[in-house]
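First the structure, in the form of structure tokens, and then the observations on it.
Labels run A, B and C following the written order; every chain starts at residue 1.
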Amino acid sequence: MNPRAWVTLAKGVVLESVRRKDLWVVAILGFLIMASAGALGFFGMSGLEAFAKDLAGTVLGGFGTIVAIIISTRLMPDEIRQRTLYPLIARPISRFDLLMGKYLGAVAVTTIAFLILTALVGVSLAMFKVGYEPVMLQYVLVRLMGLSIVCAVGIALSLVMTPNAASTMGFVLAFGSGLIVRALVMAYETSPGPMQPVFRVVNALVPQYGLFDLSGRAANQGWGPAPAWVVGTLILYAVGYSGAMLALGWAKFRRQAV
Amino acid sequence: MNRAVPFIAVGVIVGAGLCVNDSAGQLRREVNPPVRDTGLDAHETHAAATLLGQFRTSISSWLWLRTDLYLHNGVQMRPLSDAEVRAGVKGLGSHDNEDKKLHDDAKITTVVPASDRDFRGWMGDVERATQAFKDMRNHGHRDPKSALPLFRLMTWIDPQFIPGWTVGAHVLVSGNSPEGLERAVGLLQQGISHNPESVELYGELGHIQAVRWHRFGLALTSLERARQLSLRRPVPEDEDGHDAVRDTYRWLALVHRELGQLGGMYDAAREGAQRMPDDVILRRLANPPPSPLPIARQQAWLKALAETAPPPEH
Amino acid sequence: MNSPAIAVHDLVVHYRNRHGQPIEAVSELSFTVQAGEIVGFLGPNGAGKSSTLKALMGFVEPARGHAEVMGLPAGSIAARKRIGYLPEVAMYYPFLTPRETLRLYGELQGLRGRSLRQEADELLDMVGLGPAAGKQNRHLSKGMLQRVGIAQSLLGSPSVLILDEVTSGLDPVGRRELRDLLRARQRAGTTLFFSSHELAEVEMLCDRILLIDRGKLVEERQIDELKDELRQYAFTFSGQVSMVGLTDQLRSLPGGLTQAYFDDKESLLTGLERVHEASAMLVDVVAQEGSLEDYFVNAIGRAA
């Protein structure tokens, strides 16, 4: 393992992304959000604070996920397609180092994009004197952890399927995993006995992105931050699930002829 | 030039949004023509309104769901599934849900299950700690008035979103204050100006005028208008539309009765029972003669009628 | 005795076609390259050259056999630390500049800080990219990108250079400069192993050539030996002189002159003696270099 190589590769990913103006799209989105927030100003924000914060959480979560999927599912296929992979793997680094570097790069770009959006959304809320609470900061940190899982899943998928299929699967998992979990929970009690272990297995395999969404607590009154043990558990889950995804991707990539 | 392109794009989009918003208002006036037999609404009769209508309908529907969420202070609720009902699972109920205008809390439960009904172990515990979750058995609600700006927002985005007007009015009258009543009536009249053929809005107006304001003459006019509108098409099959027609006939019959117009009561009830034969109340009103009103009450109604000056017609 | 810089033993490389059937790209290939040699790797299209180079770099796993670079397993991190590689068709990150590209690869090579920055700038100057070092790669021509590739292959002063189609995209001046550069590297002790279709470049640069076709080694020759073998001698004379037993390649020229061709020096010298003994007039003596292309085509034809 060569952590320095990871950092070097990640810096390359960020620099390419910035120069390619990927983050301009994010900035334009942010300005659109501010313009929409201006329209809400017609009503005055009195009574709409919860709605505004809820909308902010939805927008941040949605666009952050979109950026994470698009960035992560494109990285490795682009390396192979553009043939920029050869000079890389000719270096004295392992394929695992390469994968980790690209993953960290995806996480870095996603984090930058998310923080830009957060700042712009925050300015919109501040313009209407919506108060800030510690739980909102916790929302940002925990959401970033969730996005790191999205990046890991995206990279793993991109190594086993075409980029378009990987993006599609990534979106299905990101926006559908919540529905799957809800359906499992709803159906478990009333399902036949032999099905219940299946439900447990499916629940264990599906990425639990919903756990990383604190927007309900952040938007509504009186909820406060989640306890420390919860954040610790989420960190462990994020590291574990991301690691498992990257390990699957590496298992495919390590012996792949290029 | 390349660097200015993103800013130009943003400006064009924002400008287009403002222009669309302005012209949409003009479109609304143009696309509310007299009734057609096809029963299509404004969203389906004009190309631009269709595109905008679908978007606006989606947004207003989404806002409606969020309103319910905010009234539960962020705790997500869901109706019990058929399987759960068959299995005998009980809803959570609430202590302040006498009026089921928004939802029937006896038939809902939390989206995130309580730990005794959750097979997920630590994942469930984490979700209960990260989401807005608490024990919602016999729960209360936030003051519905806190959601009024949202109702207003819904009706601004989509003036054809009827529940925005009716539930908003309902929330306004819930405090029983004279100001609330005036505002509720004004809100409904504004909704009627955007939806002049809405049975629900005329029906709700008549209901408030009768029950809250005791202005039975006005209520009669409103309910009669609702009845006439409902005759232009078959009884809707959706729950809201069906209930609106049913309530129109019920309140119309009762208002006739309050005014001592038994003939009108029978006519309304019979017509309603004919159109909705399953409704027990309308069948009861349509058939046996009601008990006579006490003399004192008759005199009180007549006095109220004589003293109340009807407000200006809308 | 030092181990060879590159050693390949019974190497077999398979690919799978779209039906999943294995195709043998390299078939029990064996050769060595000694330290400090410049060896050219030739073959027609699809012969297995790139597959061999990829196996040396660890891009593909051999089905059988093994290869070593500087005594280390081919494809291992330790081996790659000592190799500079130029891919056949490579692109470099389009939105980075040559300077940033070299710094990125240099950091992965284990270089750091000021020494890396200095080496990157020197290499860019050496390949003639000094003025373009700050332009994004997407704005560079194919030849300039090839120079970026050459520069990145030289990062860290590798012991072995493995170059696939090294002169592709370069103009004649660029090729001359590249030859000089590679010769200088060889003098400094670097081993060069490269594939090319440019036989003239191979002839000018290599000490030895390996000829491969359909995954198998066809010929292995020292360049000097080959040139000698291919070289033809001729002289022109007037008068009657018998060349029987020496050559039958005689051509009559206007003015009663005769041109005689000989395959080797000994026959030439014997022929010259006969001209002298016959007191015939010798007009000229020439040595003609043989065509490597003819040799290549004939060798492949024989292998088929």
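Note that a contact is a pair of C-beta atoms (placed from the backbone, for glycine too) under 8 Å apart; a residue touches a chain by one contact, two chains touch by 3 or more.
Predicted model, so just to flag it, every value in this text is computed and none were measured.
> Which interface, named by its two chains, has the most contact pairs?
Answer by contact count: the chains A-B.
> Centre of all protein Cα atoms: which chain's centre is nearest to it?
That would be chain A.
> Distance-wise, how many Å sit between the C-alpha centres of chain A and chain C, to the nearest whole number?
That gives a centre separation of 49 Å.
> Counting in whole Å, what is the centre-to-centre distance of chain A and chain B, each centre being its mean C-alpha position?
39
> Report, in whole Å, the distance between the mean C-alpha point of chain B and the mean C-alpha point of chain C.
Here chain B and chain C have centroids separated by 84 Å.
> Inside the complex, what are the residues of chain C that reach chain A?
So the residues of chain C touching chain A come out as 15, 54, 57-61, 77-78, 80-81, 83, 85, 87, 89-96, 100, 104-105, 107-110, 136, 149, 152.
> Which chain A residues qualify as touching chain C in the complex?
It is residues 4-5, 8-9, 11-12, 15-16, 19-20, 82-84, 86-94, 255, 257-258 of chain A that touch chain C.
> Residues of chain A touching chain B in their complex?
24, 27-28, 31-32, 35, 39-40, 42-44, 46-48, 50-51, 54, 142, 182, 185-190, 196, 199-200, 203, 208, 210-214, 216-217, 219-223, 226-227, 230, 233-234, 237
> Which part of chain B faces chain A closely enough to touch in the complex?
For this pair, the touching residues of chain B are 6, 9-10, 13-14, 17, 21, 63, 66, 69-70, 73-76, 78, 81, 83-84, 86-87, 89, 111, 113, 117-120, 122-123, 126-127, 129-132, 146-150, 152-153, 156.
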